[in-house]
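Lettered A, B and C in written order, each chain numbered from 1.
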Amino acid sequence: MLSKRSVIVALGLAALAIPFGGAHAQTALDDVLKAKTVRIGVPTDYPPYGFVGPDLKPMGLDIDVAGLIGTRLGVKVELVPVVSANRIPYLQTRKVDLIVSTLGRNEERAKIIDFSHAYAPFYQGVFALKTTEIKTFADLAGKTVAVARGAMEDEMLAQVAPPTTIVKRFEDQAATTAAFASGQTQVIATSVSNIGVLSQKNPGLGVEYKLLLRDSPCFVGIAKGEDALRGKVNAIILAAKADGTLEKLSQKWLKRGAGDLPL
Amino acid sequence: MSAGADPSATNPVLVPPHTEVGAPIVRITALRKSFGDNEVLKGIDLDVMRGEVVAVIGKSGSGKSTLLRCINGLEAFQEGSLTVDGKPLLHESAQAMRELRQRVGMIFQSFNLFPHLSVGRNVMLAPRLVKKRRPDENEARARQLLDRVGLAEKFDAMPDQLSGGQQQRVAIARALAMDPAVLLCDEITSALDPELVGEVLRVVESLAEDGMTLLMVTHEMGFARKVADRVIFMHQGRVHESGPPDSIFGAPRTPELKQFLSSLHE
Amino acid sequence: MVEFTLWDILRNLLLAARWTVVLSLIAFAGGGAVGLVLLVLRLTGNRVADAAIGAYVQLFQGTPLLMQLFLLYFGIALFGVETSPWMAACVALILYASAYLTEIWRGCVAAVPRGQWEASASLALGFGQQLAHVVLPQALRIAVPPTVGFLVQVVKGTALASVIGFVELTKAGGMIANVTYEPLLVYGCVALIYFALCFPISLYAGSLERKLHVGRR
């Protein structure tokens, strides 16, 4: 059975083979201004960055940032729900203009899309119960680790975990968390925000941070070669940084400061 | 249904064919048929006269059923020619085949009634679709034919409510509804319980008496002896012996026929 | 974080279930129509048609529906063809359903005894008449169980349309589960709603079978 991830990689490689990024030659910003609408892919199943309220309307930090970009560009915002599996294809096929979706920057992705400056903090780590002894990655040997398929933690874990680690992949963050909370696995590799909610719902569980996988702030994703649009977005982010908007958003949704956001 | 000197005119149920009485209604010339590399019919020459009852006998594998199925086009043949009631058999033309099949009716060993239709509808289907018969005329004719085969009261019954012998008689009525010139009977009693064979054979006999041209592949030697005008013995794809029943059954000439006849008595 | 009451959860799931129903109906009606056309084409005996349709069936049966949806939306966009999510989902599901249905129905027609073809041919019925009046009515009876079984598959298959942006029942369940952190409750409701959609279909099939069997032993 093809995993979502292998489909993405296949399509990504196919996209590399077709020189489409250059061929589109910088029309995205013009298209957005002409249509007076910017289409932005956002998560809807990943609190507190993107989730839904009782009326199923998207809300969260990423949605607020998307709204900010739209306002500063002077256009309407059309929010398109995306998931890890399809967000990059959405961008590559120009079905969205930007993705604001807890997107981490790495070399593999940088080959097929462009990134803006960072707009919010984020880190992924390895967590376990207080009673579980984990001081280094070598301690993961032989332990069961829950992780969400295709997420950043999944890729990072593959690089640093010893071969005898038993990795159990689940389809989304909720399932991964449920597995760890119910004791199906001893360890969980996930984002800090996830653990925050987990601890809130299961105060007696006693979850503790053990190891850092990656300090991976969030960047806005832009289609390759669209420098005009990227320039605009970067300007908006820098301005928001300077006037404290990004700090406010971080406090509101993540209950912590934005910290030092890289460019 | 015209009045005239021929016997079928006295019985209003059968429609006279185009061929004259005494003229050949089926002409088969040098017919060859193979299944892949296996040649099953090795050159058949046969004329069947109008009103004649021909019984075809022989061992299984001798080509009897294949010959019959060639006559109404269920099997295609490679060489030779075949004409029925003045119509030549042309495989390539679906139209020609349909016209031919309106003149030749076939009764099958396994009846092949349409299980989802009542007895009456089974008989009325083809005349309605092919001959475009009017509904009232169609129903009247169907009832008449079912009465002819002794099943008038079963008009609204479903096929699976009938015995084998009754189903076969319905099949005969269904074939007759198309006013065929020739009836092909392919071992029509072989699948019946012995006590049901008689009722079917009686119907066939009465058709023969009314002047229907019949070509029957059969194992019922007693019936063939009684009703057939001519018996054809087939052996390994050829007409091996042919003649009136008395000479075929009473005075077989070739060793193959002798052996066949003696094997029946074991 | 946001609070969902049980009613909030159910209400949103039921609203999303609308799309599940609409997509399923489109897939089944469209797939059925296309499948029937392909079936009749195949039955004519034309070798080219037979090979082409055979390849079509192999293609759609041999690849995952998820991939078909993906390629029809994102894949063809790489070549410059713009589709809306609706268009892509409907086309993908119709093609998928047609491939399975035509194959199921081909098997049902093959199950009708050859003697039925021979008897109707001997009565001078044309090919179309044989199909319409003799063969298809019998094949229909045989076709009810496997066709309904497949319809239930289609209903569940619509869940995959979420990959191209549809918020149908499963996706809505995922979104709500991820924000309430109550996956068991939410997915339990999702399962109940799917069951409520599929069970009547099975019941209807049962009554249809009984009705068609009137007259059969």
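By definition in this document, a residue touches a chain if its C-beta (ideal position, glycine included) is under 8 Å from a C-beta of that chain, and two chains touch if they have at least 3 such contacts.
Fair warning: this is a prediction, and the values are worked out from it, not measured in the lab.
Farthest chain from subunit B, judged by C-alpha centroids: A. Central chain by Cα centroid: C, whose mean Cα position is closest to the mean of all protein Cα atoms. For this pair, subunit A with subunit B, the centres built from the Cα atoms lie 80 Å apart. Taking the mean of the C-alpha atoms as each chain's centre, subunit A and subunit C sit 35 Å apart. Per-chain CA centroids place subunit B at a distance of 46 Å from subunit C.
On subunit B, the positions that touch subunit C within their shared complex are 72-74, 94, 98-99, 101-102, 104-106, 108, 110, 112-116, 118, 125-126, 129-130, 158, 160, 171, 174-175, 178. If you check the complex, the residues on subunit C that touch subunit A are 1-5, 8, 12, 15-16, 64, 66-67, 70, 74-75, 77-78, 162-165, 167, 172, 174-179, 181, 183-184. On subunit A, the positions that touch subunit C within their shared complex are 1-2, 4, 7, 11, 14-15, 18, 20, 44-48, 51-56, 59, 80-83, 85-86, 89-90, 92-95, 172-175, 177-178, 197-198, 200-201.
By the touch rule above, subunit C contacts subunit B in their complex via residues 113, 115-116, 118-127, 129, 133-134, 137-138, 141, 215-217.
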